[in-house]
């Protein structure tokens, strides 16, 4: 039997944080799921990107800057790894350049995690990866509520002739019945769009808090609305890093000005404590466009906030 | 007769946004003004810069990052190019190193645009270019109201012995009677100055909302004050990118800390809808100091907001 | 009838080189091929990339740094645009994320250029684009000699299960009979490979000058061998920028140390004057990895050297 | 007797701000303390850094970007150098790699400044330098109140076996009786910690306003609390640049997301006018991680705000 | 018994090279030495740095860019991992800021590797780490020949009062009898020095080929001289990345212009095949000063050349 | 009488090289010329730039990276500051944006240096500054030989209508009789030009070694030719950093590929020892385009080589 008491980060007092192999937070790299409560899983796929590309290096960037994280979260407060066993599961295999094949690989790679009762935190990759991840989630949990932080709805029918891209995953997910849209929210939508129908689609399918609305009503009211909508059923949270303002997260594929700052992001995620999360992802981190590394650092902190939510879930 | 139905961006569904010649938003590059409602015009002149230089590459940077823009503006809401025909007019010729000659070239280059009833959006260049642009504007429209977003008043008598620089254009403009100062505002002034007279000069000549005041009273109240002041006459809006905080716009010549974020910039410009705009500029973008490209991206979005204001004007 | 006397760069004495729309060398952007001798054509496709991606911005980067070029080549010597009419044809349409569809689009887009007797210079894009370009070339010219400057042979059967990538185009080209391998050369191969067969394949199919050999025998002897091999028939030259050492060209997808410097590149291309070129490409330029812009600058100069070869061809 | 009327920056009207030797604000480099009211002093020591290192170049970076500052502060308002004589004292000698030796050198170097009644502004260096600086301060002033802007309490017993690092200075300072903790505040604490005791320690010893609290209660209320606590006795202000959000100050050793913006920093420091300051430092600026130079620029402005506080003190 | 057939990199055909945890070349991370022939070992210590610092991130940078390496070396030629089992041993623990303590930790950490007959390749860290590594080597092998590629002799008595730094390791090593100086060489010395004695010291103790000499006599003659000197006894090779020219390796602590290119480095290392190597290090890689990542990439390739030397040794 | 024994760099053993005010090599900042043999003098003027601008920050960049230099030059060999007294004279005043006024200021500022028998080393600024510097030199020395390392001849009549720019100084200098063209050389010319006359002009007026010739005949032969030509009269050496290849010096205004490496630059300058130098400049260093700082570092080393030439002159 696996001794999950070792499934915690290296001790930074004995082994300085800049030392060691770059797993997330220097957690053990483990692919045996026995005794694992949560797992960080890379999904280095970016063939779905329609503007800048390079999110395949997102997992590398996020892991690299997760070195700065420490185990105790003072705001909830909770010592994360006293509540639950966490590991770095490594990356799922993909086939760069081949979207359908890769989506199949990603779904196949993610299914065992959900099936084993592990709560996975996926590191994208472009946003197209959320589709096979939701397929894998639904295989275990049935239709789930989606909480999507994003500057774009990603609900297009397709680009360039009906194809899947990082702009289409949630349209497909709705069509396939993977989502319980009555409990789902899209938060942070903004920026120019192709036509009037783009925004209408989001409004019709989901509960939407646009960026302009969020700036107007504030973080606390937004949290309240998301929670009310989400209810008690299973929830999958997807965080497109372009939700954040480009000043805070320049390293992404389709940055949109007029977004949110880091403190707001942390507060939003923390405010969702107590929902019934079954999986998370953070996507569209692109280190090649992140010269000061602040995008990867913020993404690592968002993953950390997810971990705290899981630890609180395991605690209760 | 020109068919202005083609004066809109390339179709991103047929031709991905990263493809094609870098005109602004991939608008047609046209120098025949027939049938044109608005024109983006580069003014790559930076000999007026007193600290960092390189705004001559501002038009290149802004055009490059305008690729991300889409035609429909969901906040007003309006499909810009269904309301008006837009083109990229290219750059005005200048003589680097020679300010008076270049100012003459810029004025001569800009006059036909105003004369033809086109609403131009100029991409600087350093802020000295606003002087010849205002001369050209006044030739058609007479004295205009100035709405200036800027961290500096740019009202110095001169630097280094009575000379024109990017710190002097509006002093010259006032002296030459190009401005209706009773309807003009300067917004965002801040930072250390040379002496007490610097601020006094702005207060005396214009309606001023300093950065500290704007942080105090908020964006909505500021909009109200600018609108009240501006009235119904012709308005020229000049946006010095150093109005924005260096975290959001590091790529500029004389950055001043303590500024504004991207969302505030968008809200301020949107809030001016309905004023009688006859021209716009965005100046002091310096790509060599913009490693994450966020300055150019924000500037492109500000140009886009200007376009939406024009479309609304044409609509009504 | 088109007046090709205008098919030359803007006059830098009237219009400074930093001004104007970023076509290659500020040539006219023309898609009517009448009267055109040579055309610069972007192919912004990078779904074939197996490591870093982002070559879709290669055409943007190369055009941007072509501003520094001037029309007279003192080494041959020749005034390029007095000998031939050159234009920037823009970019071919592609479908990002979809390789077979894009290859079809690229081939269809390139065919009319060859058919019209224009000598095209393609700006990649990853190296997978050479395959549809060779298909288009062969449609007009039949099997052509390939002169390939590259650190990799790009002759793999496939990656990840038989698929096309940027590592496979010339294997496919050989299989399809697009190349006259008896007249073809691969120059600059180096670096670690997957197994012994990798190098053997190149040696078997082509005349090979490895990087170690080129360092040993020198540029002049290498030129002699390539020329002898190429003979008098039609030649297609493909230049993968990773032929160059990473110190000179860091902005590429799979950089290999131990390569060549800029002077050697220029000398190699110049030394091929007089061969019967029917097309050129320069591929794998990736601006996001090129912080000092030297990769794009060198690539623009290589394009310029190609232009000089064409001008010499037209002259004789 | 020294003529301190020269102890002011070079005249930017005669000598452009980009010209001249890089002392802080181009103040005279003087080590004779006669007639000096305030002195900028570099402390280029960073051996105490536990994650990223390089704060030894902090003084270089801050001086370099201080070129943009001008003598008149319009918000207080005050012409700083009409009220007091300021110099750049250069850097204190240190021994890189040797913490105890360097701390002794720093203390010895700083003592004469306090003893002479000069108000020093130290440019770190990592935060470990505050310990010898407080020792030097206490030698003249006795225990002082500490106002610490920081995302970390820096109160650890030690790292890696009882050693001094940049995470321990204030624990040592408390133990040595250098601080009047009843008048001291720590402001901005946030982020993950090692265990529960970390935060408890701060709460026990100091008045603490965490980052989450500051976001909640606002800048004005925070100022009020700090002022109440500080009272009338001597105050030393230490500003760890990681108090600021990484979007505004990426160039630091242990960045923490969820921090504050530049305007808030300026307002906080300005709000402390009238306290009895006897010394200041700004630490942890790391130019190698500051590609857009905004960290150094903000730090230079914070130094400038300190200067204004001193000038106000000298005025009254 | 350990099955070392798994001690080879992940299969890049199944699992793309950009995927997976960043061990060197994606070798298994193993700390059990049974069945291991060679081990990559990080030594993230940089407190010995006297100018720029940050080599503690050297192992991270080198591992990150080792992803591009493939198992077959076509020049020797040899399939490395068919000849020997290689692992990534992780990083040795160190105490940042504390040189003597860290040197003791490094020596203790390295001894078991030499004792087990593994050939280690250490990734620095600053050059001070070579001293404890040579102590560990000598404990097993007795005095070894040193082959040092470096722009500096690193033979100073001390800096700043008799202390150990990255400029002193080989002086200490000579004093402690760790080196067989009669078989040792220093190659590449250049640049300004403190006084005449600096160079004399190297000339006296070692066989020296200065950079100017190497440029004059060439790589082949240099190899011949090093080999003649080294003879048949045990050899330790230390490669300070500042041996390379700053154009090829800007990311280092004390760059010296006038150095060597990448091809020369590879040729020099390859030319030493057949010597009796017992250990290697590559030091002074500093990713924070390496914006195009070419320093880390070159260092990874140098490690790869070391691996090939080991594989050849194991083969014979 | 001035005690020039202090006119040497700070002692790096007492005061680490990263500490202290950034004068060149940390020489005393002195404007009294008594007892001074050589002076480093900044000329931060860049209004003459016709493409990229920003050479006004050249002196800052070069001084900043001169920290790495040490006093003993092992190749000549000579301890520079034992032979001669050196100071940093600071920067000459200029008026940015105003070329004729600035040229007058530069000439006036430089004249006293030549008149006092000091050998100045000027740090540009763009290449237009060489014209007023040569005027100042000729005022003391009469017509001087020019040795110009440059990729461009800078002999244009003018740009944009007869104006002075950085492309015209030597045409003016010839017209004004400042040069002894019979003893002058231009070395390194290359790249595309506007027309045939450009190269002809250089060939007619000067002894020219083009880049292609230099690559062919080598450094030693080139030195021989320059020396023969220069003879025994007074010589002014101007070094445009774009002589160097962009891989070694990306931070410049009009980079030309196909240039020279750092080792060749050092060898070329060293080879001129014994000529009768009366002044030097190094120009066109542009830190904003130099992300890895290698351009500034190389320029600082070139200044150091000039210093060694002066020390040798003073010695004999």
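A few comments on the model shown:
Order of writing sets the chain letters: A, B, C, D, E and F. Residues in each chain are counted from 1.
Quick note on the criterion: a residue touches a chain if its C-beta (ideal position, glycine included) is under 8 Å from a C-beta of that chain, and two chains touch if they have at least 3 such contacts.
Source: prediction; values computed, not measured.
Path length between chain B and chain E in the chain contact graph, taken as the least number of steps between touching chains: 2. Each step here moves to a touching chain, and the least such steps from chain C to chain E number 1.
Rounded to a multiple of 5, the Cα-based rotation taking chain A onto chain D is 120 degrees. On a Cα centroid basis, the chain most remote from chain D in this structure is C.
By count of C-beta pairs in contact, E-F exceeds the other of the chain pairs E-F and D-E. The greatest centre-to-centre gap from chain B, using C-alpha centroids, is found for E. Note: centroid distance chain D to chain F, computed from Cα atoms, is 40 Å. Chain C and chain F have centres, each the mean of its CA atoms, that are 38 Å apart. In this assembly, the C-alpha centroid of chain A lies 55 Å from the C-alpha centroid of chain F. Among the residues of chain B, those in touch with two or more other chains are 14, 16, 18, 50, 52, 56-57, 95-96, 160, 245, 247, 261, 289, 291-292.
Looking at which chains touch one another, you get A-B, A-C, A-D, A-E, B-C, B-D, B-F, C-E, C-F, D-E, D-F, E-F.
Taken together, the chain F residues at the contact with chain D in this complex read 14-16, 18-23, 29, 42, 44, 56-57, 59-60, 63-64, 88, 90-96, 291. Taken together, the chain F residues at the contact with chain C in this complex read 50-52, 159-160, 190-196, 198-199, 210-212, 215, 245-247, 250-251, 254-259, 261, 289-292.
Considering their complex, residues 12-14, 16-18, 67-75, 77, 79, 245, 247-248, 261-263, 265-267, 291-294, 297-298, 301, 304 of chain A touch chain D.
Contact residues on chain D toward chain E in their complex (touch as defined above): 46-50, 52-54, 56-57, 95-99, 101, 160-161, 163-165, 288-289, 291.
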